[in-house]
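Below are the structure tokens for one structure; questions will follow.
Chain nomenclature is as follows: A, B, C and D, assigned in order of appearance, with residue numbering initiated at 1 for each chain independently.
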Amino acid sequence: MTAQTPTTQAPALQAPILQAPILLTGFVPFDGDTDNPSWDAVRRLDGALIADNDGAEHRIVARCLPVAFGQCLVELNEAIDSLRPALVLCVGQAGGRSQLSLERIAINLDDARIADNCGAQPIDEPVVADGPAAYFTDLPIKAMLAALRAAGIPAEVSQTAGTYVCNHLFYGLMHALRGRDGVRGGFIHIPYAPAQAARHAGAPSLAIDTVVQGLRVALETALTTQVDRRIAGGAEH
Amino acid sequence: MTAQTPTTQAPALQAPILQAPILLTGFVPFDGDTDNPSWDAVRRLDGALIADNDGAEHRIVARCLPVAFGQCLVELNEAIDSLRPALVLCVGQAGGRSQLSLERIAINLDDARIADNCGAQPIDEPVVADGPAAYFTDLPIKAMLAALRAAGIPAEVSQTAGTYVCNHLFYGLMHALRGRDGVRGGFIHIPYAPAQAARHAGAPSLAIDTVVQGLRVALETALTTQVDRRIAGGAEH
Amino acid sequence: MTAQTPTTQAPALQAPILQAPILLTGFVPFDGDTDNPSWDAVRRLDGALIADNDGAEHRIVARCLPVAFGQCLVELNEAIDSLRPALVLCVGQAGGRSQLSLERIAINLDDARIADNCGAQPIDEPVVADGPAAYFTDLPIKAMLAALRAAGIPAEVSQTAGTYVCNHLFYGLMHALRGRDGVRGGFIHIPYAPAQAARHAGAPSLAIDTVVQGLRVALETALTTQVDRRIAGGAEH
Amino acid sequence: MTAQTPTTQAPALQAPILQAPILLTGFVPFDGDTDNPSWDAVRRLDGALIADNDGAEHRIVARCLPVAFGQCLVELNEAIDSLRPALVLCVGQAGGRSQLSLERIAINLDDARIADNCGAQPIDEPVVADGPAAYFTDLPIKAMLAALRAAGIPAEVSQTAGTYVCNHLFYGLMHALRGRDGVRGGFIHIPYAPAQAARHAGAPSLAIDTVVQGLRVALETALTTQVDRRIAGGAEH
């Protein structure tokens, strides 16, 4: 009879389960280069969805960080605080390497062979005064290694992220995540893009397409692996 | 009306100017591998058209050759005899190299560290008995180098094509072309594809897309360059 | 005259000041090799004297350790306990490196690509359960680097000692030295000897004579340098 | 009788069998370096005797050549003309290589990335106008390779001597020796000396002592080997 019938009600929407996002960072160019493949790859994944074991999807939020000691961490920490991500993966360029390098450990040391984009060149200073000597990543890098190789993406485990801004960011990330439950962090170094290698005679490269595909595989594996695999990934020296 | 009227004639077509084709060769897999990026790249250019300085177009004919001393040359020579190409470019895999390698010289020597696909492993035998010690390519490799780098493709001039089937084919090609006017020949070595590098730990790679793009640039430059550029491309040793 | 005269007394000897020794260790051969240049070099310094800033001399005691997780540390700790050295420098082979590598950091991780001499192949296990993630060496590696280069010895700072027995020993050493005053520790990786490189095609090498000379320079610098130099020795990645 | 009696003659000495000498050349420093290990090694063999299969001994005559296109060949040819050697071995520095490199082939091409010591920087010019494309060495490089490795000296066969002054000299040598019976020629590239490598970060090196020992082994093998061995020494690319 009346207009108050429920038929005019909007159908009860299944409330969307908002999953914590994935924070994925790249860097701006440095050392006189005009491109940084880390940002060129990362930006292409901005907004992409990665499913976890429950089928829930996590949205990737891509951020570009400055190649600057200190400031890169300020911006990373702001992003973590505002996004409250489930997972943080930072990506950086490693000119001269030929594969995706899954970094195992970040060390509490800045030792810069070249100045950063702001002119800073710290030598043998800690990233965090009184911080521990190092942090291991808590991403399942062995499972990620196996998944990348199975997908035909050249990959390796690396025992050093260097002593420049990449390691600085990686150490600061792991330091920020200590004691925070439910968020994990890691770092992947990537080779030059082909166009960069064309200017750096003899250097190996990897196409941005391949890097993007690899980062997606890495994130999917990280989200869906609770206990890492036990496969050798070390080095005699 | 009768059927003999000229109105049913097709309009007089401008007779197509048939240009001599470009013969582009790759190799089958070898040494236990399941892919050979040379053929994976070359096959994708089969039928493509490359313009010369007069605007005339040359069709690429792709052929896959066996990794077999002797037999690869039999099949190459048959293809040259039947196609009468304007240009022959042979492509082979160089696992461990990171760039497109424009080979400068083919030497009259087989010295095989591993057997070919037919089990042959010649050591210190000539490719052609009584042939000259070596042939230089007559492609404009310096112009090709500059064009590749300008296109963002990692490339280098190489002073040795090795002593295996690739050099064997390259030497045999240049020997076959001696004295033939109007046909030029050369050889390009390419890196592993990424999926291969994922199985050969640490090896550099180049995406097939990049190789295909590079081969096209190389062929265009070869067809349109009469006098090579004078830019350094050598090595101290 | 009487016997009470002091003239018949033996002259009071200046009691020799016994300086704490230097413990210098090498390894036995491993991975099927018949030599290990670390021991071949280290043994030649056994008994040599190194002066500190006060002109006091410290005797080098050389010890050969097994390439065995666990057992190498048992023997190292026994040597430290019995010798009470002022300085401990462990030396290991790094086949494929071309210079003396002054290791900066030891990490709390065993990840063995190949089994040790006793068949153990730990994967992703800590060296010391509940130990910190890493220890930095407390040797003045930048001053050592500068002194080595000035002496014409190829040298570099290394950011990773790997994840095999060398890193295991290095980590265990630094863990043992924590809290002990007046004793410092470090690790140097060395290349193959030339005769080994002759069997590992393409690998760089360093003559044992050069390594011995370098280890002496390194120890002299370590003993006489209280505050390390601030010179860049890092890596972008 | 006269004073011309033979009794005053010196006793008839067994006439020494004068063997043709061995000409061994090194180079002066170049490219801003203060040493060239090729001459540092070669000079130490000046006057040494090498026995052939008949037990006759050949004296080594060491010569130092300029790093100058053209002029190095003038001086080499003068030495050959005046000494009439049985064997000519030229030695040059190959910074970045880690082993003694037995060069297999010299090519008729100058392509200089850097200027020589006189400022000349030829690009894509022949060493000898109208000369053949290449010459193979006629030294038994496979037997030399085996002897060096058996002596514990790191060594390899190389398929390219580059396109700089070393290849220029090697090509000019083989061109000069064509048609001359009883004299053979070759070229060996050697790594940096350790003190040079200490200035070129990361470069491999070989001690001068090891190089001297290796050159002696190489010359002994060259003098006593008539037919080269058939062992693989090639490269896939």
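By our rule, a residue touches a chain if its C-beta (ideal position, glycine included) is under 8 Å from a C-beta of that chain, and two chains touch if they have at least 3 such contacts.
The model shown is predicted, which means the values in this text are computed figures rather than measured ones.
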| item | value |
| --- | --- |
| Neighbouring chains shared between subunit C and subunit D, ordered by label | none |
| Distance-maximising chain from subunit A - centres being C-alpha averages | D |
| Separation of subunit B from subunit D, taking each centre as the mean of its C-alpha atoms, in whole Å | 36 |
| Interchain centroid distance [CA atoms averaged], subunit A/subunit B, Å | 40 |
| Between subunit A and subunit D, centroid-to-centroid distance (C-alpha), Å | 54 |
| Residue list for subunit C, restricted to those that touch at least two other chains | none |
| Contact graph of the chains (line, ring, star, complete, other) | ring |
| Which pairs of chains touch, using the document's own definition | A-B, A-C, B-D, C-D |
| Subunit B residues touching subunit D - in the complex, by the definition given at the top | 31, 92-97, 101, 104-105, 107, 109-114, 121, 123-124, 132-136, 142, 159-164, 166-167, 189, 228, 230-237 |
| Residues on subunit C engaged by subunit D in the complex (per definition of touch) | 98-99, 148-149, 151-156, 191, 194-195, 197-199, 201-207, 209-210 |
